[in-house]
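Letters A, B, C and D mark the chains as written, and numbering starts fresh at 1 in each.
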Amino acid sequence: MTVRAAVAGASGYAGGELLRLLLAHPHVEIGALTGHSNAGQRLGGLQPHLLPLADRILEETTTEALAGHDVVFLALPHGQSAAVADRLGPDTLVVDMGADFRLKDPADWEAFYGSPHAGTWPYGLPELPGARTALEGSKRIAVPGCYPTAVSLALFPAYAAGLAEAEAVIVAASGTSGAGKAAKPHLLGSEVMGNMSPYGVGGGHRHTPEMIQNLSAAAGERVTVSFTPTLAPMPRGILATCSATARPGVTGETLRAAYEKAYADEPFVHLLPEGQWPATASVYGSNAVQLQVAHDPAANRIIVISAIDNLTKGTAGGAVQSMNIALGLPETTGLSTMGVAP
Amino acid sequence: MTVRAAVAGASGYAGGELLRLLLAHPHVEIGALTGHSNAGQRLGGLQPHLLPLADRILEETTTEALAGHDVVFLALPHGQSAAVADRLGPDTLVVDMGADFRLKDPADWEAFYGSPHAGTWPYGLPELPGARTALEGSKRIAVPGCYPTAVSLALFPAYAAGLAEAEAVIVAASGTSGAGKAAKPHLLGSEVMGNMSPYGVGGGHRHTPEMIQNLSAAAGERVTVSFTPTLAPMPRGILATCSATARPGVTGETLRAAYEKAYADEPFVHLLPEGQWPATASVYGSNAVQLQVAHDPAANRIIVISAIDNLTKGTAGGAVQSMNIALGLPETTGLSTMGVAP
Amino acid sequence: MTVRAAVAGASGYAGGELLRLLLAHPHVEIGALTGHSNAGQRLGGLQPHLLPLADRILEETTTEALAGHDVVFLALPHGQSAAVADRLGPDTLVVDMGADFRLKDPADWEAFYGSPHAGTWPYGLPELPGARTALEGSKRIAVPGCYPTAVSLALFPAYAAGLAEAEAVIVAASGTSGAGKAAKPHLLGSEVMGNMSPYGVGGGHRHTPEMIQNLSAAAGERVTVSFTPTLAPMPRGILATCSATARPGVTGETLRAAYEKAYADEPFVHLLPEGQWPATASVYGSNAVQLQVAHDPAANRIIVISAIDNLTKGTAGGAVQSMNIALGLPETTGLSTMGVAP
Amino acid sequence: MTVRAAVAGASGYAGGELLRLLLAHPHVEIGALTGHSNAGQRLGGLQPHLLPLADRILEETTTEALAGHDVVFLALPHGQSAAVADRLGPDTLVVDMGADFRLKDPADWEAFYGSPHAGTWPYGLPELPGARTALEGSKRIAVPGCYPTAVSLALFPAYAAGLAEAEAVIVAASGTSGAGKAAKPHLLGSEVMGNMSPYGVGGGHRHTPEMIQNLSAAAGERVTVSFTPTLAPMPRGILATCSATARPGVTGETLRAAYEKAYADEPFVHLLPEGQWPATASVYGSNAVQLQVAHDPAANRIIVISAIDNLTKGTAGGAVQSMNIALGLPETTGLSTMGVAP
């Protein structure tokens, strides 16, 4: 089986990582690559690490360019995916790596993104309860945000098992590629090296409602989320430190058992042995998730820490994993659980 | 006025930063420099950035070497300061940069450090209520830990003003110099660059009881602390993200007002203008603390974020600031609020 | 075809990178993994990025452990490979990732390594003239040093084509993994981040005679090499800036033509389009070599710059590439020319 | 004595470093701060590390704003300094941190900068023969480029002492602040972290003629320079590896003696003890220059390596040092030879 895949938005970081994975995917043939401001340029100049595609030329993102593919990946600015998807027809598998189809509640969408809600597609985080089934055979996939991937996988088992109170406190550190490739002064190397700084503090980050949606579904009640993202001096990786008040009777053992059970059959989520802690370097370039759990009896909180690569499991790897499910391929096809370290 | 200062433990990171500050201090003359495994070596080979002291030779840490100074700074392993201090006599100002005299409760000390409690000295965080007065004229100073400095300054005003419930959740990122200069595999550059990882999760970090002590004193009741430290790929700096449930009626305005009042006259603590967030790079090599506050109404939490340089305000700068007070010098003498950036 | 491979020295950086590549190699089954001080430990604690091998236990490096494999990779300290290889017998493919069998001249070996010369094996840099043929069917392979790989590929075409005088000046920057995983103070993250520093200046680096050997063979005369290695604040990568006086009549065009010809059929060496310069980030984790050439008429020098990943093409990737040739497999099997970037 | 200083171009990296130094200078009062696109903004938002100036507002760069100061520092784009300087009058000390007045040969200027030559001012590298005298009492100063500072101090003693042939080969690594604060995609943190890459290869960098000018003056004959700059993953620092063919009879001893003599009385240039090598981290934020020399008999080259902070000794520190001389102040006033490390 070979599917022909197009990538709209091939010059950015998400697009580049997706192409790296698709090049190694045994059932994918890479078709059209499109861009906007970079249309007409060689990919070799834009993504110099993708030598096998160096001589490909970016096309404009048009319906014509994207037509005739089995799968179309969209890495477009927020709000642009619906119009493109509509024109591609219902038989094309459309994988949206943007935010447009992630949120179920139109009020959430409008409050955080400020434009009309486009709808909701099957959610590309197969590890969540029910998500894998919804992806099977689907022709539309909404790839989760990078922070919601790290946070939801860290906390949903605790909520699903009734171990945590419905208020989560999350502080996450992200590598700079999460902020994209647009040149902004605060993202200059001179500014970010040797520097940790927060942003979107106090509930303003757009990924907050997505986390609330996922955790509330697992808990069966509305979970509040205090989310503080920070920018770390590294190109890739998310380390999410997640905690919540422990419900009465929770111990380190019950907590660990819940996670062992939740992830026993998951190929990409690894609950580390006791005493070993996640590290973003260990999942660099891989689709793996490293998790560890702890119970702090003095503070009466459970703490779950996850490490992912924001571009791989957090974006492009999650997209490929979900595509595999939608197409009926083995879920791990073309994906690795080996990081590039040190 | 000129005081003659000795430094025991001059080859480490805390000792090196202290020497950098003392060299710029107009009232300090640098006397004996001692070490243990490095005794007999040129300082130029151990601290190549301190060119004015390059030809100084480290002595063994003995009473003889340290005697005859007005001030003796101790940067020694835990548990060694008491014996040295006893032999220096009551007229020498002894500034302990280790943990030995920070904790008031012997049970806390024994639980976290595993040795007999040595006592409690005036605490070198002058911004805490009552601390400055206790330092004036004192001949003994216990310099706070780096994390407790960042966290206590972030949260004590909220507790002192009754704005926060008595449970704090803290996630802090530290540069690698906080882990010291001893060569350990997980601290190699190959391991830490491009990497974020946690340690001491679940209440085990030794700085936890020190935070509880400070915040409980401000709150007038026992405050629980969930503290997760993480190691960030940078040499220096601590970014502490601190939050607690807001008490009823708290708003962004009442919160901000409490911090403006608490720090109105403090020369080193800067509450940033609204919309600007702390960054560790901005306090690199300086004694400044950058703070910002937020209220998240959806999660009903207050969030306070602080940035310090762990080696300066977090260790050596705090030591010099406290020494200045003890000696009756202007508190800011020899200290800067300008970071070295970018 | 499936070959069973053992790795002696599986806990270090070279061994870890080799395992990452072998796990992705379709014809390799991973057999014994051995170590010395780490024998008895789980690989998951030593190489936390290699999740598929996390539960494997390191054995002691003994003849018994290594026997019964088709291929044995040696990542041992200098001087230990010969004894191990002798006991493995002539039918086992032994790939030495150490220096023991690289140098032809015993005097060079003794001058730079200080022990008796063990011999010379076919040299695992297939792109050099004659090297590929010597590797075909061989049962012994000496993998080149990382710097000699970067430098020889940068300069041999100029010497082979008679374009450069027989004196080369080379300054190379290496990531810290090139210095290994042994914990040494000057390799701590606190020391290397934000820092560039040279070492082995003035001809003392052990890779110098290996470069001279390769370039002299290409030139047909003795080439002198001034080599200055520097340590760069990054985990991986070598950027080698190589220059030599241009022979009369050389122009940018003749220079470029020589390189286009030399590398026209090489799958891993990429002469970049004019105007694009090599970057170590672009070859991160890949077996690719990026090259660019320039002629400076004012200084009358040719400048060739190469970028490789020191652990991949510079060590483990070169080992796998050479193994493929020795075993009669397609040379690129299991190897990638895509870097993990950004 | 107090001089009132204005800074034109206060929002960039050179301007920010200059302000950091001027704030610590006992004889300087900071007057007008001007910018172009940032005029009207608080300095606290633009230079968040300069807390003492946080509430200052940038003015437009006009003659009115800059008038009435004793010293005016210009950190402007190339080609704009002459017009501003002309309007400031001959009694104002004008210190140009741009390139406009560095080159003596109009043909060099026009070839590398493409605009008419504005003239030549006394050159702000006091360590060069004759330079200090020319600066005394001068009302105009041309601050050298950062690379020429590192390279000229590394090599001029060898040329002045007749130890080196008139062809120098230089490879230098620079931190990213050398490329300025304008947001360009290749300078993003995501691009530069973990990456070494060259630029301006083959003689094209604008600092090349400035190096040739300085070295030729020392040699008494035209010195050719092959200069390759590389971008290193660090915010600050230049490590320059400089070499040249040794003249007959040169030994390590004669070489070292020449440098000891040249720098015996220089307060900022430190020839390190034998066996210790320069490191950019050691001069971070300081005006010091660390140097080491070597003779490679096999390659018959002398190698001299220098480390500076590109923003301090390489720009703003050199400017203050030269200002001190011009004003008759002790040369080291307000400047430090202590780096901020680790």
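Simple rule for what comes next: a contact is a pair of C-beta atoms (placed from the backbone, for glycine too) under 8 Å apart; a residue touches a chain by one contact, two chains touch by 3 or more.
Chain by chain, the UniProt names read as follows: A, B, C, D = N-acetyl-gamma-glutamyl-phosphate reductase.
What you see is a predicted model, and the numbers here were worked out from it, not measured in a lab.
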item: Any chain that touches subunit D and subunit C; value: A, B
item: Longest centre-to-centre distance from subunit D, chain (CA-based); value: A
item: Euclidean distance of C-alpha centroids - subunit A vs subunit D, Å; value: 45
item: Gap in Å, rounded to a whole number, between the CA centres of subunit B and subunit A; value: 37
item: Residues of subunit B engaged with two or more neighbouring chains; value: 13, 175, 177, 181, 188, 190-191, 193-194, 233-236, 279, 281, 284, 342
item: Of all residues in subunit B, those that touch subunit A in their complex; value: 167, 169, 171, 173, 175, 188, 190-191, 193-199, 201-203, 208, 224-226, 228, 230, 232-237, 239, 241, 243, 277-281, 284, 292, 294-301, 303, 305, 307, 342
item: Complex contact set, residues of subunit A against subunit D; value: 13, 175-177, 179, 181, 183-185, 187-194, 233-235
item: Residues on subunit A engaged by subunit C in the complex (per definition of touch); value: 13, 16, 20, 23-24, 42, 44-45, 47-52, 54, 177, 181, 193-194, 235-236, 270, 272-273, 276, 279, 281-286, 288, 290, 336-342
